[in-house]
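Take this structure, written in structure tokens, and hold onto it; I'll ask about it next.
Each chain carries a letter (A, B, C and D) given by its place in the written order, and its residues are counted from 1.
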Amino acid sequence: MNKEYRSRTDLAYEEVESLEIDGVKQSEYIHKDVKIHKTVVEEMGSKQLNKKPGIYYTVDCSDYFLTNYNSYDDLEEVLIETLKTMFKELNIGEKSSCLVVGLGNEKITPDSLGPAVVNNIFVTSHLFALQPENIQKGFRKVSSLIPRVMGDTGIETFEIVDAITKRIKPDFLIVIDALAARNIQRVNQTIQLTNTGIHPGSGVGNSRKEISTETLGIPVIAIGVPTVVDAVTITSDTIDLLVKYLNHEFDAGKKELLVTSNMKDIDYTKEVDMERKQQFLGHLGVLSEDEKREVIYEALTPTGYNMIVTPKEVDENIENLCLVISNSLDKALHRDFR
Amino acid sequence: MNKEYRSRTDLAYEEVESLEIDGVKQSEYIHKDVKIHKTVVEEMGSKQLNKKPGIYYTVDCSDYFLTNYNSYDDLEEVLIETLKTMFKELNIGEKSSCLVVGLGNEKITPDSLGPAVVNNIFVTSHLFALQPENIQKGFRKVSSLIPRVMGDTGIETFEIVDAITKRIKPDFLIVIDALAARNIQRVNQTIQLTNTGIHPGSGVGNSRKEISTETLGIPVIAIGVPTVVDAVTITSDTIDLLVKYLNHEFDAGKKELLVTSNMKDIDYTKEVDMERKQQFLGHLGVLSEDEKREVIYEALTPTGYNMIVTPKEVDENIENLCLVISNSLDKALHRDFR
Amino acid sequence: MNKEYRSRTDLAYEEVESLEIDGVKQSEYIHKDVKIHKTVVEEMGSKQLNKKPGIYYTVDCSDYFLTNYNSYDDLEEVLIETLKTMFKELNIGEKSSCLVVGLGNEKITPDSLGPAVVNNIFVTSHLFALQPENIQKGFRKVSSLIPRVMGDTGIETFEIVDAITKRIKPDFLIVIDALAARNIQRVNQTIQLTNTGIHPGSGVGNSRKEISTETLGIPVIAIGVPTVVDAVTITSDTIDLLVKYLNHEFDAGKKELLVTSNMKDIDYTKEVDMERKQQFLGHLGVLSEDEKREVIYEALTPTGYNMIVTPKEVDENIENLCLVISNSLDKALHRDFR
Amino acid sequence: MNKEYRSRTDLAYEEVESLEIDGVKQSEYIHKDVKIHKTVVEEMGSKQLNKKPGIYYTVDCSDYFLTNYNSYDDLEEVLIETLKTMFKELNIGEKSSCLVVGLGNEKITPDSLGPAVVNNIFVTSHLFALQPENIQKGFRKVSSLIPRVMGDTGIETFEIVDAITKRIKPDFLIVIDALAARNIQRVNQTIQLTNTGIHPGSGVGNSRKEISTETLGIPVIAIGVPTVVDAVTITSDTIDLLVKYLNHEFDAGKKELLVTSNMKDIDYTKEVDMERKQQFLGHLGVLSEDEKREVIYEALTPTGYNMIVTPKEVDENIENLCLVISNSLDKALHRDFR
């Protein structure tokens, strides 16, 4: 989202942050109520971050659906522009044909985003074949696929996607999937876009084959939304917030950990020093992020209580996200779609 | 569930625990894979426990649906017997007419249990009125009501239930609702039955009027299943498990809090002494249960991350619970239902 | 829809037909693609037509949903104006409180229109009670009720509606229901509005009590959409079209009833004389409309093939009708609803 | 269903009819409440009947679901035996791997049978690959595919089925689809099985490629249920019944076509002579079946009223059919499925 990007669009993105470490460029933009975070991971930065080299966009729609009742135009504008930018970055032209793939399980609400989006987009490939006279110039060939999940088909998801890709030969792929969040702030609140591909059924920790440019031979844009989170993450993130809250209370003069009703003006970004951490949380306080998560995982797992959960309002969340993503796809893919 | 109870039924309940404090009698029974906990709260014990006087049954079906694929007969047997015991305790006869009320919101999966059960039971009142010749002796008059939620009707739920109760004059009420869990072990894993009534939309902390014998003038049996839990509860319960896990590790000779892969044979019921608690968790370790929850609540609430969540598999959980509860109701209410 | 009506609104209704027989006034208007038929039945005309005295509007949306993809603004405008006209005719003021009742069975798609509309409208009564400061001037008190069907509740639908009406005391009622069509042209293609009330579960031919001003004591506006039709009606209507088609063919010079491929320019409104009718259809041709339907009914009923059917696309039809009717209700009921 | 067939099974099929014309063998069997009609079309009979050579089974379940509440064991037994007979006829062994394909559109209830069945069957192929130790001997490899409809995917259905078949190489295919009925008696009342393949989206009259042994190179068993019917068929069939009804009335001494209330004991199988037909129905009475349907089609089509309809109870019908067919498939495919 450099100057060129901004000049190409009508959106007034404001660059709010920019930072570069070896092999990783990060920048943050804002458009109305929506924040966009862009990370470019180069070969060199890849190992350091344990992330594939490529471009990652994170569109933050925290509280967006609560405060923007009935019309999601701003968020759609941001998604459309981000998709168009990715098309450009991947050399995808206006007439390149697209296969849109919705991963996940329709029968499990928090896993149903991919199929829901695909069921809601406008497909055109058959019209080009059967009624070419009825297709206007401003449309491209779009097909769709819902491969379902291996537990329901008996077939590796990659095999289905690969077989159909080889058969109908689209110029590029868009894949939508629900993800596991690694952070409670993300659940049903961010839309992630990347050109690095996606693993079907990720999080289950098995060897399922990746859907990506490397495995399919054509550009792949993956759109993911974290819709579930596990108890380890909830606990670990809450403990972090707790330390910062307690630190604030002590700074404010409290000497003991007593219940207060002071709930305002806490700066949750302020770092807490190690001594305080140990004071508040004992041994637990001095562990690294990874160690803390690991020890919580070890304590929870034998009990069977490391639940994977989703917000109570998941039905409405998925409905809203589906609407926004499918509308944005239609408008980004077809110049004349209204 | 005394001897008389057992003699009246075919179920071989085994009494596993029994304990009496002033004004509160507790006993625990077991039938095949299902545990039943009974608590009788008397006037005297009521204030101490902050619970209305009355009888509470908790049917524990942890892992039941995972290990009993396809047939839930044992669990249904337990529910049927528990319901019949309650009928007896409340002097409800074989011919007493019943109104079954399903509270909650059909559009929010974890809140849809009440309406789902009511949509699945066998109603007969109209047959008694219109086709009395087709009704066999072994059936009673059953009607049903789904009052929906105030946000969708504009009407206090109690007003709807009360108006219909006054109009059709059933002899007793059965009310089904989804609840908020106070314990991660409970979510979608226990079925609670009580004669003390229920609050529609409980947990939201408002003044909505209770549905109970006191407010309606007829016996009320409330069936509740905890289907959601908040992040405070998840964190607080996980911290408790963590302390016990760490205690076990230290007992086993470890001197530092390092990650190990030893995940077996941990006794999560063993108490941990205060010194250890402080060592592991610092200030947090020495707080009482209530103080710990309160401080977590205070840290989470300003951030907006005190999510109310439900297990990822909520669609399937609700479907199974609905099936078991509606089948049990049909068989407990009608002697000849098959 | 006299001049006053037209002046009150922005809609340019064009009066296309007007006709008056003793005790019955009929007029037809058109607005863009939508036709509105208004019938006023007076006491004197009531017996002749076998219709209750009152006002009947029929909004014809044949093919509307096919040709108006994505935006149903015109149809909504017509419905809103018709509702506002009825409010005026029934002396319903801007602040009169309303209970919206959705009759029918959610589990049977062609019978689910009433509940679907009610699930989609904006209710406000509880906000007037709980958050009066948040309610703007341009809103009225609206509550809603889905009484479900007697086969599922065990209770006469009228009893539920009457009990809730007596309890919450709305100033008027709006009732939505799916109907049986008496004409193949009507199925999922017209919206009927009347101030004469409605029978729940009509068509089943039993004594279920009417929901109307007479039985409830407050104005009742009934909105009905024919969503099903029986085989007798389909056959009878098709035979009528067949006679007219054959008449046209014979006029065009054909002397025998042979298959032709001439399918254009047939005037289906032209009357056919009795001789021709007998020639084409023998005895059947000379029966009156009622006799013809009766004899078809007698032939079909013993076989069990008098199916009640609905168009294949019923899922989409109901979805579209629900959207249009609920949006129109919101805007007609609340001046400031957007 | 010869002796060998009967000896192989526990079902006591009674042969009720048997008839052989050149190149076509027909036989009818009965098992409890269920009738099975078998037609073997040979090369020679193929042109005469305008049907592909092959074996056709029609399982008649008229009124079955109405009179067999809750348990459909008999019907399932018949389907299981018919499937096993077809496996034998097609040389499909106990270990042959199967791909089950559900054609149709999940979003249109009467067209959703195929996807519904596939969503309800037990798939095993991935278990053979991932957990071979957990698969018992009495199971075969089963995968499943829901290709959806061309209007939603943009891809010819055949292309999807062919690509996946070529990729995973099953030994045979089972295809389930909803069909258009050519007879009002068939709608949601018969299950048709054949080894001659199926056309996706049949009835729409386009060139969509057949799914069959010829096009895929492996045995294909097609299971079809007529779920919709058009107004031409309803009218034509009703007119036939009407003629027979009138004939019966005249035989009973009536001289004019007047309405009577005599509705019993009509023999709808008795042939009516031509003179009577003309007397009752004029020109229409003397047309052949094909001419009659054609002329009705010509009269209805310009009006747009040749509706394609489905019974009002389609939701429940599809649910029941789905249950019966998916259970039967599981038991026919896996010896040890319970």
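Descriptive notes on the structure:
Definition applied: contacts are C-beta pairs under 8 Å (C-beta built on N, C-alpha and C of every residue); 3 or more make two chains touch, one makes a residue touch a chain.
Note that the coordinates shown come from a computational prediction; the quantities given were computed from them, not determined experimentally.
Centre-to-centre spacing of subunit A and subunit D amounts to 45 Å, using the average Cα coordinate of each chain. Centre-to-centre separation between subunit A and subunit B, using Cα means, comes to 36 Å.
Among the residues of subunit B, those in touch with two or more other chains are 107.
Taken together, the touching pairs link the chains into one ring where each has two partners.
By the document's touch criterion, interfaces exist between A-B, A-D, B-C, C-D. Remark: subunit B residues 107, 119, 123-127, 141-146, 148, 150-156, 159-160, 162-164, 166-168 touch subunit C in the complex.
Subunit D meets subunit C in the complex at residues 63, 107-111, 184-185, 187, 228-229, 231-232, 234-235, 237-239, 241-242, 244-246, 256-264, 266, 268, 278-285, 287, 291, 294-296, 298-305, 307-316.
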